[in-house]
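Chains here go by letter, A, B, C and D, matching the order in which they are written, and residues are numbered from 1 within each.
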């Protein structure tokens, strides 16, 4: 018989039992469920709602169940609806009717909210740790390859020469924003729901702060109706995860591009690629492709959760059970994606000559030449026009860089040109020119590395 | 060593192996994979590409593997990337190097497309069968309760009295559109991809039509580049599934509303509800709530698939592997949702008096009174205004139906009113008035039932 | 005063008026609204519900309003909620109370469904016409460049040499599926809703088929509750549009890639690119980028519509008003995207030498060599292994194609190699090898062109 | 000629011009664009890059343009691609070639990022202000109706009696989380991008902090590649907006339910409802329905933005232009939704007797009775069972509340029952029992009101 079966004439239909069961999914929460129950029992006893002997009996029973689930020996019943009822059912079987006191002053509604928040708090910290690890990898690469120049792209067209280090630091700072968002999300998850019961609170003189303290929560929730129907923390996490995955997908796209024959900027380690069942020569960047695709899955999980919550009246509705599907599926994408990206980047080989050569072509230093004219007094818009025509003329001559132009030819375009123009038409000159804060000159990049270190220190403090 | 490992210096990283493996998901396709391979082998031998002895050896091996996977005795390796390679690896272990001839004139790219199309064709028929079963249930309810009147709602405000049968037939005709869409989707899935190989076709003189015939496909695909990168059939199915789930979610919403104390229109069977862990009196429409929520998951799967395909260059990319996640997750929602809804509706109890009483209140027949005035010559817009004022006056008198109005009071509103107005202010009069095709009068509803039967007959023919 | 104001004590709040008004959006439907009203009036008079004089008066009024809206002289009122009420309000102002007879046996609920279906039917045909036009462009390119070879890609790695014509025909056949889906969607849109009124049908003896015939609808809707709440046809169109845009986005992605310096496969016409405000040398494939991005918008519109419909109880709810936003926004992406892509492709310049050169590198013919060994009796899996090792050895020697290998070196890898291997290691040999139906050999491609022509003929027939 | 046209041979195609133009959308940013340019010019002059006379000339020109756009007299050209080029083009026309100096050390890439951030910072504050205003309305209602009891619902089944004030405070605390998220999003938007130019930074000795200070930014961005391709702040806002709209949609759903005849808990003011074109008696909660539906649009905008960014390589791509569509569409939903909800709630009428009556039925106090038994020593699970059976027995007797039970009947269920049970079976007794923090007792609700006031004070400080 169900633990809630007193009012019913008939048992649940078997198919319905399967359809409504969340056990295959929420078993994953057992650890948090039991820890939460232990804290609840301690509080009930501390407040005199149950005796300390009863509390001991229940706690011992729970601890045994914990061990059994952990080592795989726990017996689930077909009719256990979810992990919460499975544990309570087993507890009563073990310790007798006194086990029925565990659910005093509690409902599954606040209990599942507690489990989810405990799980997510821990998970966020785990993910934040992986983000920091990936940032470290990116920073190491940036430090190591300070002398590598490649074309910076806009519209996938070569735009201006930049340092490889500068490029990879872009990803570092993206991830830093992800880290901040994870922190904000953690803060809003760190709210203890237990004691709000089904919807209205409880008539027992519970001490909610005691439970919060014991479980390491920063504060307790303020309104019981809100508490049992609130899944903001899940949506906020899914949205934060989506942005993080979008960042990885952009890096993934570049890795796919850069490891193509056409770009030839990097080579992935054999350990991070796979072959083709039919084409013997193939070496495919599957890891990057899969991360790119799984980004879409996380986005789908986000929209699924939002659409689940839309227009749900207060308070708890069974629809909320689906939160676990979206949440776990997202975590199961995020954690390995971060891990595998770290390994892939650590073993990446740069093909510097190809990068360098690409940077030297296609007039990437055109802006520098325009700026040069501006520094000689020409309004930028006119300088832009002159250099644009210069490019057009070169192309007509079958020339795809400024390198072959003579000073005379430069002067024909504008009398303002002089010998010193040759310094800036080469990639390195262009790069070192970009002295503005956040720009690509070596000095500026070193400044960014300093800032990156400072961020990492602060992140480490929070993660402790 | 991997089956594609010839070109590689190093084995795949363990974490990468896990990350890129689709085995936990695509094992589900084993049956189609093996059937497809058997047809491929028969064709290779039929065309003289391999000998008939070789074909026999391979086929016997495949059949054994089939049985082992089916009965659970098959041994998967950790390094099997997917179901295709697992089977081929095991085949070669069993029959020796000749097993390596199975992959002649084939790539995983066209092989996985084949498996997916075979799986989906069968699944669509299964789902269409369940749709028809649910339509039958709705039609039975409509036939059985032809005498039940309830308020039709717009904006969740009582609008006009309608027959319960009419209301439930609305869902019948919705599902009919779903059925038609499933058919269209089946038609576009029914295209045989094998023989397009990796991307360019194959140099062996294969007979693709022979494979198509053997596997029951209507036609073969036309362009190999397109074929290996095409997942339109998956997206179209996910979109069809989304609309179908949206229909169920609307019915689910009504079941939740109607089984509330406030509506009190239906009672769900105990077997299709669950109780509360804390509140002993509760009986909750969980099945309907979960179907409502799972609709969101299917929508999420659709958007995940679309976002996966967006901006993928030709032809096969590893991203496509994620199609299985979206597809299987959707099927696993759809099939039980249809099943459980059928059972829930079959056991539903109508609380007719509550429906009837609700239909008699709140001026639901106001439109009929306006139409009455129109039939006496008044322009509709003026008739609408007069009845609107009549309602306002009733409300001021604390009166929430027309029943208590005297003829005198009617006449004060308009001299056009006469004794016969009293016939149409009651729900039944209003209902029987709606004689237009597709309207709610008993006669019209009987006409709809006839149409419904005709649809079912035609559907049955297709499903055969 | 509102046309529905009889029952109300107070006017609508000004802000609410603005918030709920759909006039800025649905004015676009005026043509369909008036055509629908004219057919409705003709039917009312034909059935004797209004007199033919009344019908004439109303029709003349409607025709004048049509002209005024068309030429921009029509005066909208601030309090007109939507295009339907604006027209009816203006009609009554012009022709007096008899104008109030227009709304006899009709509700806005079925009226807006009619307008939407008329609009969408026409729009689908327009879009299908543009799809066919784009297919023609693709086919022309395929016919024109039958001699161009480029690498076919999987995982964005060079896989096997293919004909450019073959590659572009892939897009032709994708679009053919879009065309079929548009047809299916048109068929399900081609259902006449008028006469179902608010929810229950109407008490007037209307002839719905007469209206359907006059407006060119294939059939009438079957159930009034379903009819007024049904937006399946919008969702199905949005989903069809999403898949179509995904196809364009894939082509867009390739155009971006191919016009990069790294690929250098095509050059876009100046008229289809734009420059940079700062970098004088830039020429950006903006059109392709925007089509790629707008694909996401269409996907967003689809999900917005699905989420709007989810869990809406029967029948009409004001939520449905938002369908227009999703629908029009999608059409406004789709139509110009198709137009602009056509122009862009017509003016594209192929850089054949670059394509050819790329096809000759990176061992794209490895599969052919493996197949060669198979044809000499080796099981494919062993052949794959041998060629894989050959590639590995070449790479070690700094060699990125098979061209420099001597017969001796080939023989060292396998004694099965002979002189004739040199025929298939060049791109053209590999291409012409792929004789399977749908493969990339010139002959097969010519077969595809024939099929494409047949499709176009059939499409033309439907569009007539 | 285009401002970037130097390199081009041919003008842009007219259709392309329309397709790529963002002018119809981004004109909305003119104010921020000009303010940003003024600060940029001041900095250029402050750093000696242009002379102070040149700066004055440019600034005066910009100020005139500002006035003209504001009063509608500004002339846009068909070929102006966007608001940035329209303004620069007009500036040069007015002040001559010196106007071409404005774009020194700047690109549209960083310029549009600046405009978007300025716009969004201001918009977030505006929305946060509206959130606080709506919180005030909710709090006022909670303070005013402290004596109103209604059933709290779970699964839309009556669960436990709660105070109306408690229920509406649930929405207050939801909105408080929205406020916190808006703050976090503002913080991450408050980063000054100018000076990062196209992608690499600039070669001019600019002072980025000077620009930041002048425009009221908290800090400058750290990496130029990241800066010009970053739209995290837009996505984060869209996600925050989605959650906020989900909250409104839940309240909207309840308003629709509560204003139905079946619930009858509230009456909306005539000014916040609309009528039916056909049914004279209707009074529809359109505002709530539209907010519910527009929630879906915001979700669609979020997913569109995420799908736009997915897999975009560094750095700026034209795809980013579509951010404005998603952003503005969302703001245009959010602002009026918040405004109109405030007005609707301020004028809502509670039908207290209906609420009270509903709370007294359907055994809502069953949990209290179970708790009662627990307080007499029974384990909760047994108490739950006993009360469940009591409910079943009542239902069999056609009794839908505990009110008619005698003490004898109670005692038959359990000897632990005594006279005092009658105190808690009435709603008020049940409510006042829930003394736990965050529970529904009057005392606890007063505590929540205190907390709400404290939040509002803090929010006010931030908004200043």
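We adopt the following convention: contacts are C-beta pairs under 8 Å (C-beta built on N, C-alpha and C of every residue); 3 or more make two chains touch, one makes a residue touch a chain.
Worth saying up front: this structure is predicted, and the values here are computed from it rather than measured.
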In terms of touching chains, how many steps apart are chain B and chain D, taking the shortest path? 1
Pair exhibiting more inter-chain C-beta contacts, A-C or A-D: A-D
Averaging C-alpha coordinates per chain, one finds the centres of chain A and chain C separated by a number of Å equal to 33
Would you kindly tell me how far, in whole Å, the mean C-alpha position of chain D lies from that of chain A? 23
Any chance you could list the residues of chain A touching two or more other chains? 3-9, 103, 109, 154-156, 159-160, 197-198, 257, 275-284, 286, 289, 292, 295-296, 299, 302-303, 306-307, 310-311, 317-318, 367, 384-388, 391
Once bound in the complex, which stretches of chain B touch chain A? 2-13, 15-16, 18-20, 81, 84-85, 103, 106-109, 197-198, 269-284, 286-287, 289-290, 292-297, 299-308, 317-322, 325-326, 336-337, 339-340, 343-344
Listed in rising order, chain C residues that touch chain A in their complex are 154-160, 256-257, 259-263, 275-286, 289, 303, 306-307, 310-311, 358, 361-364, 366-367, 369-370, 384-388, 390-391
Interface with chain B, chain C side, in the complex: residues 3-9, 88, 92, 97-105, 109, 152-156, 159-162, 166-167, 169-174, 177, 180-181, 184, 188, 195-206, 208-209, 220-230, 232, 235-236, 239, 242-243, 246, 249-250, 252-254, 257, 292, 295-296, 299, 302-303, 306-307, 309-318, 367-368, 371, 374-375, 379-382, 384-389, 391-392, 424, 430-431, 433-441, 444, 448, 451
